[in-house]
């Protein structure tokens, strides 16, 4: 018979060690799959590292991939901390992207660049937040579990985006491809490095991670939302308005996911397609969990996940291992992380 | 307007309803069995995807269609075991673990599929299940075509719903599952091991989910392609709530849902380009949310759903 | 005693980490005997019974029932050997029927059919034989607490239990219901059943048991025939030293602090009238589930009355909310201290200031002044002797008594005008009870009005100046504590106010 005993204190080493151990376990397990594909495992991982960091181009590509993952990771982390199960970051990302594209197009806002860029970011964030406020309202008013509603809305959001870019927002110059009209030049994010795709979105994402960390650690809102997430009954008893906290958290979470979409449009592509997100929203959940919901940890977890994706693409081309291996590694990391966290927090006894 | 109503008079619609409902019946029953024992299994979407892939792969590599179903069930059971091992004895978050299983199972499906089937223009196909003619019944005009020209797994799904309903209500095993889902401490006091029972329920439920996925590639279509499950798993989770955790109502809910789905497909053809087709495609998802909304306060939730059981703790 | 030994525990030891819950415990039960297992919370009674029933595995020692050693960790084996357990928190599934609760697990899991017909017949027969009336087809959630306990006992009898273990069986019963239960148990013992009941209530143990085994710190410290001991001796054996609970000094009450008139709460409370004055304690006594939770919610500012008026310092409360109450000088001690009182994962200092976080001294411009918070926590720790951690320790590491001292302390440090205390000593050991009582009496002496909601007769008699009973959402008229005794309070709690008067 197994019993789990809560540890009194979780050491810093255990907290940093848990994600590292999880990643090692995930890489080892995925190694079996790489071997099944007939490729040398260590060579594959070496090539993944080179693919992600081996050149100036690959480094900038990896960092470009990291930016949206930081934001969707933060979106999941702030929501989960308050026990708001926002699994809809994928949809919020898409509507955020669509909002930025619509407002940033020729027919959208006409503002000078220094104002236009923040306005579009805000537009994306508002769109994302609105998409999450719906399910939150259903939960608060009717007791509908938000997990399923946010999941289902991801599909609705994708269909909505598809409808818009084949409809009113369709780019007439795209030779019939379903893509939105492009944003104007002033709406494009300045590059961080010349001759690369790396844009200032990365700075925005890292800055927001720091900001979220500060808010959570030092502000009344941070402490109240933590209490609300850990023990809603005690929070209510202490006079903390749970509805208010949840609405604010939903705005923050949905807003971060929507912002991620807006930044991806303004920084990388300039227009929206239905395959704009290779699962950024869902992967954000893994990022958040790998970081144990810590905002600063999210930055590192996002970097890890981006490394896997960019590295796997290049490794796949060289060794013929399907690039889906990156998704497998990321999913396994999540599962391993859950077990590692539980081992860090509990002692197993018989 | 008349055309919109004429759709109901076509036997093809009703045949499609049963076909569309089949994976949902399997999936909803699977999720229902898990949840009745107290475990939410959000791995369903990924488990259905894996079942679809591995079932198809089995047949593609020379196995029989039923072998494909069996292999899918086995794979579902394995993922169920993983989910149960993490959520039941370890007591990890059922939400996050389930999503992790979905990400793992679906990415593993794509990986294995891509590994054995090189990229090509049109996906390779198999010969799927063929409709079974039931002597006598299938020859009835309209009804025969509408209801009795399905493939074997469809009949199996309906049979399973009936069996599950009776088993839950009327057998010691069903009662044990219910009491564990309502109050595991009560079960333990009666000498029922809640941990083993929950693991068992999740394994069986997950096997059914995978069979639901396999139906997509072995009967509804004849090939596998990524993202083909398209949220059907989440719809099943919503249908469990709509069914108030009762198998007979789950059957009804899946059929009702399939009716809307089948109808919207045909309606969008009738309406043509006047209304964007995406609006019709949204209907199933919006219907699921509506179902949740209607039932959220009325349904009798298993009292211990999502509550980990630890011996001696209350 | 010549009756044969039916059950023996031999050298049972069980450790949880550094804590030894049972230390070489040995005891015997004879046929037809009513044995009381007496001890404080944390003495190891429940652990011992869980080992006996197979919920836990002992580190060493063995359990022998009817001459057969029981395999450890197997509830099924215990059931098969004829042992039945009635848990303190009923192990019942509320959404299932009585009969389903009774038959679950009695047949092989893979057999067909529940055999409900035969089961119903047997259940009716058992009910009649042992005087345990209950409707077999009722949904358990619809039954009263007393009926649920009968279902618990029937569950054991249905499985041919010849040894019955009851864990704190009267915790949720009125005085009268408890007496009836013990009469039933004595009848069962006369029919040859052997019974162990766990309790910390001395008067029950004295009245009901044949023999008493006292457990302290996991060890058996004494064994007495009930006829050859006294309350005082048992109390001292149980606690290990003489603990004098503080005494209430009489004093003149001041102005009315809290006044309720015609208070209704959506059917859960009906027309409550009461007043509490400064320097006075009003005790609201009642069996749990009679509306206390709602009354506490109203008095703590968590809920609005649906009718009637709540007046604080002579002014009606317009828009009740927890922050407003705290700011107005209301100290609040919730019934469920770990559920409502503290956030276990948060630090002690955070829990100390959470309900005052928005006051200027603890935050500025939305930023928390952590130094001020820690300082406040330190002063509470020091003044109220909170042990088990510093300001930065997670509060879940503290014992129940220390959590309660923190909750009391964070309120009393602010010298509240009103203290609402719900079940303030439930589940605490004798030492902690004494210190909580001391603090509440000190607050009263300093002029705080105290609204005490409790189901513990001794507590109410010790602390209150006046007593009202709460029954099915209604309040009895108040009586002065001098006129109260357990019998009269028992009648009041049963709703028989005229007879009690």
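Letters A, B and C mark the chains as written, and numbering starts fresh at 1 in each.
Everything below uses one rule, namely that contacts are C-beta pairs under 8 Å (C-beta built on N, C-alpha and C of every residue); 3 or more make two chains touch, one makes a residue touch a chain.
Quick caveat, the model's predicted, so the values are computed rather than measured.
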item: Centroid comparison with chain A (C-alpha atoms), farthest chain; value: C
item: Chain pair showing more contacts of the two, A-C and A-B; value: A-B
item: Chain centre separation in whole Å, for chain C relative to chain B (CA means); value: 45
item: Chain A-chain C separation of Cα centroids, rounded to whole Å; value: 47
item: Intercentroid distance (Cα basis), chain B paired with chain A, Å; value: 28
item: Touching two or more other chains - residue numbers and ranges from chain A; value: 1
item: Contacts with two or more other chains, residues of chain B listed in rising order; value: 311-312
item: Chain C to chain B touching residues, read off their complex; value: 50, 55-56, 75-76, 79, 85, 87, 89-96, 100-101, 103-114, 155
item: In the complex, chain B residues that touch chain C; value: 170-173, 175-176, 178-179, 182-183, 185-192, 300, 302-303, 311-312, 314
item: Residues on chain B engaged by chain A in the complex (per definition of touch); value: 42, 82, 86, 89-93, 95-97, 99-101, 103-104, 106-108, 110-111, 114-115, 230-231, 234-235, 237-238, 241, 276, 278-279, 281-282, 285-286, 288-289, 292-293, 296-297, 310-312
item: Complex contact set, residues of chain C against chain A; value: 16-17, 57, 73, 300-302, 321-323, 326, 332, 334, 336, 339-346, 350, 354-355, 357-358, 363, 366-368, 370, 396-397
item: Complex contacts: residues of chain A adjacent to chain B; value: 1-4, 33, 36-37, 80, 85, 87, 138, 142-145, 147-149, 151-156, 159-160, 162-163, 166-167, 282, 285-286, 289, 322, 324-325, 327-328, 330-332, 334-335, 338-339, 342
